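Residue numbering begins at 1 within each chain, and the chains themselves are lettered A, B, C, D and E in the order written.
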Amino acid sequence: MTDVLTLSRLTAGYGPITVLDDLSLTLRAGEIVTVLGANGSGKSTVLKTAMGLTRVRAGTIMLGGRDVTHLPAHGRASAGLGYVPQTRNVFGDMSVADNLRMGAYLRPKTFEREVEKVFALFPRLKERRRALAGNLSGGERRMLAIGSTLLLEPSVLLLDEPSSDLAPATVDLVFEAIADVHKRLSIPILLVEQNVAKALALANRVCVLVRGREALDAPVGEVNTHDLHALFLDGGVHTS
Amino acid sequence: MLRVRDVSVSFGGFRALNAVSLEAPPASITGIIGPNGSGKSTLLNVVAGVYVPDSGAVTLNGHPLAYGRPEQVAAAGVGRTFQVPRLAHKLTVFQNMMAGARDQAGEGVFNLFLRPGAVARCEKEIASRAEAMLKRLGLAHKANDYAGSLSGGQQKLLTMGMLLMADPAVLLLDEPAAGVNPVLIEQQAALLHELKAEGRIVLLIEHNMEMIANVCDRVFVLDAGELIASGTPAQIRADERVVRSYLGMPA
Amino acid sequence: ADPIEIGVIANLTGSAVKTSVQMTRGVELAADAINAAGGIDGRPVKLIVEDSENRAQEALNAANKLYNVDKVPAAIMFGGSGLMIPVAELAKEKGRVLVNTSSSSPKLGNYPGTLFSILPLDDIVGKELGLLIADSGAKTAAIVVPNSTFGLGVADAAAAAFEAKGGKIVKKVAFTEGQPDYRADIQPVVPVKPDVIITAGYGDDSRAMLKAGRELGLTAKWYAAYPSILEIENKDFLNGKLFGVDNGGYAQAAGKAVADKYGAKFNGTADLMAHVYYGYDALMVIAAAIRKAGSAEPAAIAKALPEVVSSYDGATGKIVWDARGQRISPPIDVIEYKAGDFATTATRN
Amino acid sequence: MLQVLFNSLVYASMIAVIAVGVSLCYSILRFANFAHIQFAVVGGYLTYSFAAIPGLPLPAAMALSAVATGLIAVLVDFLVFSRLRDITPEGKMIVSWGVALFIRSVVAIVYGGGGRSFDLSYEVVLVGDAVFTTLDALVVAVAAVLMLLLHLFLNFTRVGSGLRALASNADLAVTRGIPGDRLVRLMWFLSGALAATGGTLLALETRLQPNMDLIILLPVFAAVTIGGLSSVFGAVIGALVLSLAQNLLIYIDFGALLGGESWQVPTQFRDYVAVLALVVVLLLRPRLSPLVGR
Amino acid sequence: MLDFAIYCLTIIAVWSVLGLSLNIQFGLTGLVNFGQILPFGLGAYAAALAAQAGLSWPVGAGLGLVAAVVVSLLVLLPARRLSQDYWALITLGAGELFRLTALNAPSLGGADGLTVPRFADPHLALGAALALMAAAWLLSHRIAHSPFGRMLKILREDEVLAATLGRNPVAYQRTVSIIAWAMAAAGGVLYAHIVGYVSPASFTVTETFIVWTALILGGPGSTLGVVIGAAVVQLLSVSSRFLAAWIDLPADVLANGRLALFGLVLVLMFLFRPQGLVPEKKEVRDAPRP
């Protein structure tokens, strides 16, 4: 299997704060890797760094064989990286429809066709498509964020807690959709989740972060929930 | 007893809540569940005094709560958290916690200059409470960090901490477990049981059904702004309408 | 020999800059003339020019620097009363001389012995203007002036004189200076159709004011105090339609000589304004006072000043001060604007 | 009454073209840019200089000035604001005030502190007993066309919607493939060019003066605020409302209305209206949904 | 030279009072007040009017403070219903209204202004200014480091949060405005007696910007920063005047060059110290060990 996204020996953070500490992580073609860890352990930071939204102090990021360490975020999006952020994930003062259109900023041609698929997945969005995204409920926003990212027709997906805020039935739908996209288009996915059971059911490999470092990297079959909980107890990043 | 009677809310032409009634007795945990956009957060905002309902009433122990005046509702002992955490990002975690406490002597300008002793005593008392609470939430090591630098889950915990500092009689919690790791969720559940034992009223919005089942005495289910069911968690799980609209296929 | 340092304070930035620069140039011309003639008793004059930014606080900063650090015995200032009076307070406290070339506030009479005005008081010129209008046979007049001490001072005096002779003021517009356009301000004058418009003003504001009048199609004659300091916006529009009374000095020999020097130093007289003469005379009388007193001590200058002016024949004509150092009974010219120029039709000394 | 309308339209046109740039900058970079109004002044002076080149017609001079001022704005961003992206909005605002002070002084050094004006010949047209000039008509037309083009650009082009997305949530916008830095530069260029055009219109109608920015500060910011700080369309409406209110107030004969002697509000109180209109509109305007509940 | 130093110190002290007042509003509470000159002017004019009426200076000072407090409540009336973004303009407008009123009302002296009894001795003026500054400093410091100040900082970041914690944002804003405007008015009273004269020309938008510059340059939220900022601004403005002695250029070019320099230095300071000269300190206490 070829490596699609490789973070090697990354040190990165926000302003003067270092969060990721000499972290390496690889996503291979056709793979779903789930990143788990306690709150504040740096999971979101891994995804943001892959997307180019943090300050990288050392290390390299390779995307499809190309060094993108210094490529700005919009360049990575053009290169096929799709990202669903954990927070601030919609354009609050634009309508749902405009949000979706922004998702397809790089793919204006296929928008009409693809947006119907998103509506089929999340009928609620179709009902509320004229509403301002900032007025949506928490779960509706999450749907919008996921839908917008799918419209980008990415070749690699970074998902930050896609199931949180969602109703159980919708969580199932989202996981089905992820599995479907993955299978149908064989898109590799880096998935951050707190819903450990679901994540493990979907992923091929688990990576656990403890305080910005990788504490475990193993195929799903080799980990048990008990070990994971022990790692979670270890807590978040010490930044002070 | 917290009572919500026939509350309706609409935004422009959009009806977010339609004649919803529920009650939450003291020393109990009352769950609210429902599909996304069914109006749960809206209901909570009505109770908290943020939104003014088109019709209906909210009473606490028989006294009506003020609409549109969240500070009065909060002062009446009703505390809440937000689905998206709200914090003073450029104050430290510790300062945020300190600010949570109510009725501080040092918040009166006259006390500040005329009764410095009382102010200092009050600060000390609150500080020790804040320290204890931070330890309990596992945030002690973050006490001197800016609240804005916490991760999403940590921020959720901190808002919970601030709420507890206020020692409210009623707690309105909007998805406290979303984004929180499984270990902390267990701790939170334990915390909720303690709060219940202390005789408080807890209103809990959650999508985490495990948590709902673990802690709730009674659950109300909303769908498209309407109350479609209520009962114990077990009854709810068995309700066909709820399964269809909310739970989906049994996982 | 040691130079004698004299301060100059003016609005070199901000608004009312053009007139300030003109006044400053007048002072420079005087300094050139004095130094070319060997200075004052052999000592050259050195100017220290400070900017007031047209703000009271900065005028004070400037004056404090001049009086406290440079220790000038006397300063010449261009600025509105809002800037001039705080500086006058300081000059009084320090016992230094301040020569006013721009403000006509009656309050400046409160500083006898330290403050002296080259500019005549507005009520004299205003009254003459009112009489001139009455003589012209006009029955109704509108007032269009900036709401500054100058504008309102002229307007009130002219209106009083005009009304005393049976005239009627049908509209009064006092606009706030510094706006780019006054069309809306002057609009209300149009429907009342006055025979004449009483005005006062200078620089860019006067230009905008006249332009608005033209665009609104006002046909009334304009009567201005000091018409030559107005900035003519459109020659054809005002030809034969602008009258006024002016300070009588500039047309005489001393004034002409200054104009020539100005032309030589600053590439022609196209932008020459009356403020040059005020600045010129201000330094000239100070120099004369120093010569007379034989000392550049402030007290000596202040004492000698009223004595020397009585015999000084300046660019602005004869200078007569009252007991408070305020200029009275200046020579008066009656002016008419025709063929693109100001013509003096009569002079009263 | 017609006259009031004419006067208001002309004034609103000049203010609006300048004000939209303030809105653009506010919506994307979240600060009130005082230097923007100074760009208008610079633009006016540049047009003045270009127009003095023999054989260059005024429209060409305006276009040149717009481009040049746009580039100056981009340069200012490159030298100053792009290095200060992380400071508070108030900090940026004070910096913009410093930048404005610097540019203003440089302009005054180059052109002198006194006023300058264009010598244009134009006709005065009478409609009933109201007058306007052909220059007025031109100013209104240019402003209207520009505003329309800007509206179409922002709402119906991909780059325009990219700008709006950037304004709404910059971090998210870049992850959607929207080139943030490039669009921010484009925004500076656009607002600089618009400011230059607005400044030229103002200069054509009135005059040029280095500190003109301070004079139009209140009306421009009042217009922007009335229209909602980050709405381009709103800035235009704001300019109209403001200008109508100002002109009406000094036009209406309140004395006669109340059945007494003729009495109009003295014109020096015109600026009161800017402020009062501001307060009234802000209070009456439907409150934006507070987005507080979650 | 000594006299000049005394004068500069006096002015710095007065502007510091104004800056400290702004700091309580903006630095601590987040109220963007662009009409800071309004309470200052009210104090100054009250002092002048009282003097005109033959009343003693404490009466004038009292009147000034009362006027400032009353007007602050009036300005708050519309402002309380508006989001923070709009405060700036409402207050800017209110300040301009005051200046226009002073300019156009004959009883307030119009453009000519009013005369006020002056401090006979500059040393006395300096002493009074320093005393007032010290008082303002102590007041600010006590507020900033108190539970009250903490709640103000919460308010600064998120009014809704403050309301959720059971505090009435408007009540806090009112208290802050009363304290801050009274402080600024006291500065105005003193300023009038130092200068000996008040006129509309002393209370323009530019003065407000100078105070803002001092605050932001010094570091909003920091009491020391405000005073340092005020000193830097005044010294920069004054010292740049001395450069002219070395350069031989026309006076108006020099004057503009000086302002250009002022603007440039300001911008450079921000480029090198974006958080202000004395950034607000993080309030740290001994962290409980986990």
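FYI, contacts are C-beta pairs under 8 Å (C-beta built on N, C-alpha and C of every residue); 3 or more make two chains touch, one makes a residue touch a chain.
In this text, all values refer to a predicted model and were calculated from it rather than measured experimentally.
S.K.: Which contact partners do chain C and chain D have in common?
M.R.: Chains touching both chain C and chain D: E.
S.K.: Among the chains, which is located farthest from chain D on the basis of C-alpha centroids?
M.R.: Result for the farthest chain: B.
S.K.: Could you give the separation in Å between the centres of chain B and chain C, each centre being the mean of its C-alpha atoms?
M.R.: 73
S.K.: Report, in whole Å, the distance between the mean C-alpha point of chain A and the mean C-alpha point of chain D.
M.R.: So the centroids are 42 Å from each other.
S.K.: How many angstrom lie between the CA centroids of chain A and chain C, rounded to a whole number?
M.R.: Chain centres of chain A and chain C, defined by C-alpha means, are spaced 74 Å apart.
S.K.: From the mean C-alpha coordinate of chain A to that of chain E, what's the distance rounded to whole Å?
M.R.: Computed from C-alpha means, the inter-chain centre distance equals 49 Å.
S.K.: Mark out which residues of chain D touch at least two other chains, giving numbers and ranges.
M.R.: Residues 86, 105, 108, 112-113, 210, 266, 268, 271, 289, 292, 294 of chain D each touch two or more of the other chains.
S.K.: Provide the list of chain A residues touching at least two other chains, using ranges where the numbers run on.
M.R.: If we look for residues of chain A contacting two or more partner chains, we find 135, 137-138, 240.
S.K.: Scan chain E for residues touching two or more other chains and write them down.
M.R.: Chain E, residues with two or more chain partners: 100, 103-104, 160, 206, 252, 256, 258-259, 287.
S.K.: Using the touch rule from the top, collect the residues of chain B that touch chain E in their complex.
M.R.: Against chain E, the touching part of chain B is residues 48, 50, 70-72, 74-75, 79-80, 82, 86-92, 94-96, 98-100, 102, 104-109, 112-113, 119, 122-123, 127, 131, 134-135, 138, 140-141, 143-144, 146, 162, 166.
S.K.: Touching chain E in the complex: which residues of chain C?
M.R.: The touching residues are 8, 10, 12-13, 17, 20-21, 24, 48-51, 53-58, 60-62, 64-65, 68-69, 80-83, 85-86, 89, 93, 105-107, 110, 147-149, 152, 174, 176.
S.K.: Can you name the residues of chain D that touch chain A in the complex?
M.R.: 86, 158, 161-162, 164-165, 168-169, 171-181, 289, 291, 294
S.K.: Considering the complex alone, what residue numbers of chain A touch chain B?
M.R.: Result: residues 14, 17, 37-41, 44, 86-87, 124, 128, 131, 135-140, 142-143, 161, 164-173, 194, 196, 229, 232-233, 235-240 of chain A touch chain B.
S.K.: Touching chain B in the complex: which residues of chain E?
M.R.: 142-143, 146-148, 150-151, 153-154, 156-158, 160-169, 175, 179, 282-285, 287-290
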